[in-house]
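By letter and in written order, the chains are A, B, C, D and E; residue numbering begins at 1 in each of them.
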Amino acid sequence: MLRIDNLSASYGEAQVLREASLEVAPGEVVTLVGRNGAGKSTLLRCVMGLHPDQRGTVSLDGRDLTRLPAYRRARLGLGWVPDDRGAYATLTVTENLTLPPRVGPDPWSLERVYEAFPALYTRRDSPATKLSGGEQQMLALARVLRMGARMLLCDEPTEGLSPLLVQQVGDLLREAKRHGVTVLLVEQNLHFATGVADRHYLLAEGRVVEAMDNSEVRSRERELLAYLGI
Amino acid sequence: MTGFLQHTFDGLVNGAFYALLALGLAVIFGMLRVVNFAHGAFYMLGAMGAYVLLTEFGVPFWWALVIMPVLLGALGMALERAFVHRLAQLDPLYNFLLTFGLTLILQDLVKSRYGVQSIPYATPGELGGSVDLGLFDFPTYRVFVLVFAVAICVGVWWLLTHSRVGMVVRAATERPELTRAFGINVGRWVTPVFGFGIALAGLAGVLAAPMRAVNPLMGADLIIVVFAVVVIGGLGSIFGSVAAGFGIGLVQAWGVVYLADWPILSQTLVFIVMAAVLMWRPAGLFGREEAPA
Amino acid sequence: MSTAVDSEPGARQGPARSGLVAVARAPWWVRYALLAAGLVVALWLPNGLYPAVAVDILCWALFAVSVDLLLGFTGLMSFGHAAFWGTSAYVAGIVAIEAGLPFPLAVLTGALAAAVIAVPIGYLAVKRTGIYFAMVTLAFAQMIYYVANKWGTVTGGENGLQAVPRELGGMDLTDEYYFYYAALPITVLGLWAAWRIVNSPFGRVLVGIRDNPARARALGYPVHRYKLTAFVLSAFLAGLGGGLYVMGHQFVSLDALHWTTSGKAVVVVVLGGIGTLWGGVVGAGLLVRLEDWLSFSGFEQIGLVTGAIFVLAVVLFRKGIWGSAAAVAARWSAGRGK
Amino acid sequence: MAGRALLSARGLTRDFRGFRAVDQVDLDVAAESVHALVGPNGAGKTTLFNLLTGFLPPTAGTIELAGRDVTGLPPERVARLGVARSFQITSLFPQLSAREHVELALQSPSGLGWRFWRSAKLMGRYRERADELLDMVGLAELAEVPAEALAYGRKRALELAIALALDPKVLLLDEPTAGMGLEDVDRTVELITRVRRGRTVVMVEHNMSVVGRLADTVTVLQAGTVLVEGPYEQVRADERVITAYLGATDAAH
Amino acid sequence: GGPAGSGDSKLTDDRVVLGVLNDQSGVYADVSGKNSVKAVEMAIADFKAKYGDKAVTKNISVESADHQNKPDIANTKAAELYDRKGVDAILDVPTSSAALKVADVAKAKKKLYFNITGATTALTGASCNRYTFHYAYDSYMLAHGTGTQATQQGAKNWYIVYPDYAFGQDMEKKFSAAVEGAGGKIVGKDATPFPNDNFSTFLLKAPTLNPKPDTLGTMQAGGDLVNLVKQYNEFKLRDKGVGLAVGLMFLTDIHSLTPAALAGTTYTDAWYWNFDQQNRQWADRFLSETGTRPTFAHAANYSAAMQYLEAVQAAGTDDADTVVKGLEGKEINDVFLRNGKIRAEDHRVVHDAYLAQVKPQAEVKEDWDYVKILKTIPAAEAFAQPSGDCKM
């Protein structure tokens, strides 16, 4: 479904991605792991078309996205959960949720969102940046579900969430997957990653250096953790 | 008593201009985070435009009231595309400076063409007389201005709170990149809103033409008072800006009459009120509190 | 709604990208060469320009640098600095007329007066940041303008203060040419003070506050008081400029307090380069010279030209003259380094 | 360890436009202990931090630091009294280098910051100490890099370094390991273990293994009120905590 | 009379330069502005035509500068005109504050200065000096003309509004004195902000005063005046029995307000273009040069330039002290000055003034011919006697 070929990107002089390539099949949940600063967030931004300085191709369902502006990409069914959570200070929680247009066949209703995240319901009329860190994270996830995106790009969605909520997010992603949603997940938490994902890519120094499946990740856990940590 | 009521009414009429201008400022600010220094200049263009339409094309007041806001709105949109837009990602101060520069240009352009003499613009015939308001009579035109301005303020407020427009533009202004990533074509929304705010200034200008001195500098000092008004009301708040606009109109009218013996006070009343508000509520009467900082 | 702008540190690129860096890191001989060149130009100026214009350049250089001290290094854009420039000018003029003080003392008195009124204004204004700060300072300056206008018995109202004497130990300073050289040391001292402030521990704290006030508070810095101090220091420097101005013209009018004067000061800073300090000096030289030339060439639309230059500077040339030069120099030296 | 409460709150309450984020919280942080605050998202942990550090004035209640009433003091005063904090959402000076951050923090208590007539070179006196601190958090090589160019995890480490630079009596850390890789988490835990000597640490943390390794006392907040308080093992096993916060299985770590 | 000019001139730099310093872009740009420069050029042409080869020099030119009504700019510009452009005499300078400042400069540089468009009597009072002449009018002339005359013609109860700055305050004092001197009564007076575009408070107040005023005396000028008159009409004060008297008005003000808005208003004029054949002839020339009719300021600039050149011609030198001596006490009649005399004591140029009234629309037959002259105020009465304040 999503295909990235030889993607390179830089910030000014510093090259962050170096000809990274990967592929995500429809209905798959794939994680991207890598240590801090490896370029994971940058890769997601490239897919969304938000990084000005990039080379290589990104295609969705065989369609080349390279020249499409970000809003057109979103309309094709891409949903992005940014690493800073992307809450709007000037919009209430409800407005944050209703802002994006629907882009896919199965958008969540507002009721369903509030059912899944009662915390958001209680805070529905506050400016979104007034939410606690974790609440903002829920909001970011809820928002792309409400868009009905076919493909989610989630940047560390469990960061700062309580253990209970981390489980919930796992459930949500699994449920989304059951409904045929494709997910590219950036994650530090390997437990969580192996719990929801089918496959994993390891990103190092801007290159995709390895592709692994769940069992491989589990068996090499110690090694990987050590690697990711440094 | 009648005197008091008359002055009160008069204050409201003057407040109507503050309110309309503050409203336009607030719309633009609320949506684009741009404090439009050129707002006074657009107000002036509205009035000058009405004059030019009348003298050179024979277009009467009523048509000017429609045409000028549309023209100025279009001009505003062009300026947004050409300049404001480019600075959107930078500190809002840059747009403040940009519009300050535009003010100098617009004023001088009009000056070079029409001089600085005040130009007369007749009150439209239909509104020429005065109406009996029970205890006193008042020029019909001023009554019209008050009613019209209130209607506009209420209408705009309704539009912004009950429609999707307000929401989208606020989002697009705050985080354009993110908003684009949600499938919204930001440029399509922001530009018309800027134009709309400018159109409001132009509308105020046309309304002012029959009762104020029409000249290239008519907006210059007015805009500073309007800034004080929005600081008092809370710049982010549409309601606050409008309310403070009418309120300051009243305070000034009363001040001139009842503080006549202390001219320094009556002249600086707006600023004194502003200082008091800043001390007591730094975010303005209806502004939201700032986050912990 | 104010929150987004006021408390989102680093969310947007601020106006205060320091261009100083490139020069400060230039080799010592480059810095000294620049300094020497600056002094030579300053000494030569009234020979190449009409002396009255040269004096104006000195005053405006101080004024611009005072504005940049706030804008570039504290992140506060004062759009009401005319209040300090003008107050100092009036006070200096009045003490020169009434007490016959030698002009440097009169200027100093004026600058102190400016600093004094900056305390209450600053106290209220620093409660707000960003665009609000600009509007609040603008409004207070306008208030001072009205007060001066009303207080005609002291300020001369619309007539202004006329025939301000400039005394210095019995020297004859009627000729602008000589007055320029009498004013130059004060200007240099003022500019040096600004440079010292920026490059002091205090200056570092200001930059921190500019970039993230909440963080600075958590580090134990009383942000409001720092800002207020910076504001008062800046007002003092603006006052030095204003004091010299009244001495230069032997006259001051309400225009010195009008918002267009405040605006012009900011224009000068942007033209020279925000956060560069010396950019203000260059900008002042350029704008004062340009205006002089325009008005004498019989071209009426001075605002049109200044406005257009300004719009272009803001849209295309945000680093300003000094900032751009510094950037070029930095790139050049980086290129050589490789 | 243990002993008198160094930092304590009584009846601490904070409303946001009718919404009560912190509700009648009593809290006693024993001197030289590590006290963890945990709880579901939105429980009021960060708000409590903001109250304790003066960033928000409480709607009601009092705060005492070493027996002294500090309720309503502004943040800089609280910081001066020896309370340093890190922010949950990274809060740095984007254009300053890592070293400059630490120097600025080191300078803070000295009053040098007011010397506008002295040369900034004086700040060089903090350089050695600054580099030491940077080394401690693993940023030694990145000392010259402006904060905005640091990756997220590095920024978190820098947050910690500047909080430490204040040499505080009380260190409040809001999710110090969030967003860190495992190795960094370990390093941070080790670091906190090292710096806690002679200090009191209050931390908000979702990573229960971190809490387990560090905390002497754990307070669980829920909906603005204290749900449970006690030693880690006890809290962890508490039914109420499991339903409200941990969930049936500890999926976190 | 006097020694006829000769070819060997004693000019300091072989030429005579006149400098027009005035508002070329601001509120008084129409009142005098660029067209004053034209008027001075006309004077030079006339002078050259008159003396031909006998002229003290053929090298006569005009420099001009825009002082934007700002005294500080006026200061710099005046110094520059004298120093850099070799100007021998500065003309015009509207706005009292700037006018006074230029007087200082003239005194310091010892060069001549003819103020035409400033109103303040301080120019011939406390701030007078040897090199400064006040040429066309002043606040006393206006007050004495309009205030006294209108009161004598039945305006008994006055409500005065004046802009709160030097010019307005000065005018208010002079008007109050004149009205009371003629047996009228001031029932109220209010200072209005300057500049101001909203006079409704004062207009609302007017009919409620006790006793009710029959005349509203406005001292506003330029934009403020236009504004006030417009709102006066809007509040229908004339219908409510409150007439209008204007302190200072220029032809261009009437033109921009339209005579209909001002019909019946009386004011004092220093000169009117359609007063007699001589004026009209000159005004026709002016019209063909500029496309508009002259205000009194234009005629006065012409006259002052002419009289200065005549004085240089007579003296055979442009040495300032000599020329001043030649001008002092001189009696003159020309297109602007009728029964004119340059007072030696204070350099006030006295001449006939006129009480004028704006015609009803129906009587306006010709563009720009908006006014009928009710009365000529003789030179001896029109201006105040020299005050003791002037020490040269």
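In this section, contacts are C-beta pairs under 8 Å (C-beta built on N, C-alpha and C of every residue); 3 or more make two chains touch, one makes a residue touch a chain.
For clarity, every value in this text was computed on a predicted model and none was experimentally measured.
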* Would you identify the chain whose Cα-based centre sits farthest away from the centre of chain D? => E
* Which chains touch each other through the most C-beta pairs? -> B-C
* Just how far, in Å, is the C-alpha centre of chain D from the one of chain C? -> 41
* Asked: Can you give the whole-Å distance between the Cα centres of chain D and chain E?
  -> 76
* Among the residues of chain D, pick out those that touch two or more other chains and give their numbers. => 55
* **Where chain B touches two or more other chains at once, by residue number** => 30, 111-112, 174, 221, 263, 267, 291-293
* Structure fact -> Residue ranges of chain C touching at least 2 other chains are 1, 3-4, 146, 149-150, 214, 217, 300-302
* To do: Please give the residue numbers of chain E that touch chain C in the complex, ascending.
  => 24-25, 64-66, 68, 70-73, 75-77, 79-80, 83-84, 96-97, 100-101, 104, 108, 120, 127, 164-167, 169, 193-194
* To do: Show which residues of chain A lie in contact with chain B when the two form their complex.
  => 48-50, 69-75, 80, 82, 86, 88-91, 95, 98-101, 103, 129-130, 143, 147
* In the complex formed with chain B, which residues of chain C make contact? -> 1-7, 12-15, 77, 79, 124-125, 127-128, 130-132, 134-136, 138-140, 142-143, 146-147, 149-151, 213-214, 217, 259, 263, 266-267, 270, 300-304, 306-308, 310-311, 314-315, 318
* chain A contact footprint on chain D (complex, rising order) -> 16-17, 19, 38-47, 88-89, 149-154, 175, 178-187, 206, 208, 244-253
* chain A residues within the chain D interface of the complex -> 11, 14, 35-37, 41, 83, 119, 123, 126, 130-135, 137-138, 156, 159-167, 170, 188-189, 191-192, 195, 225-226, 228-230
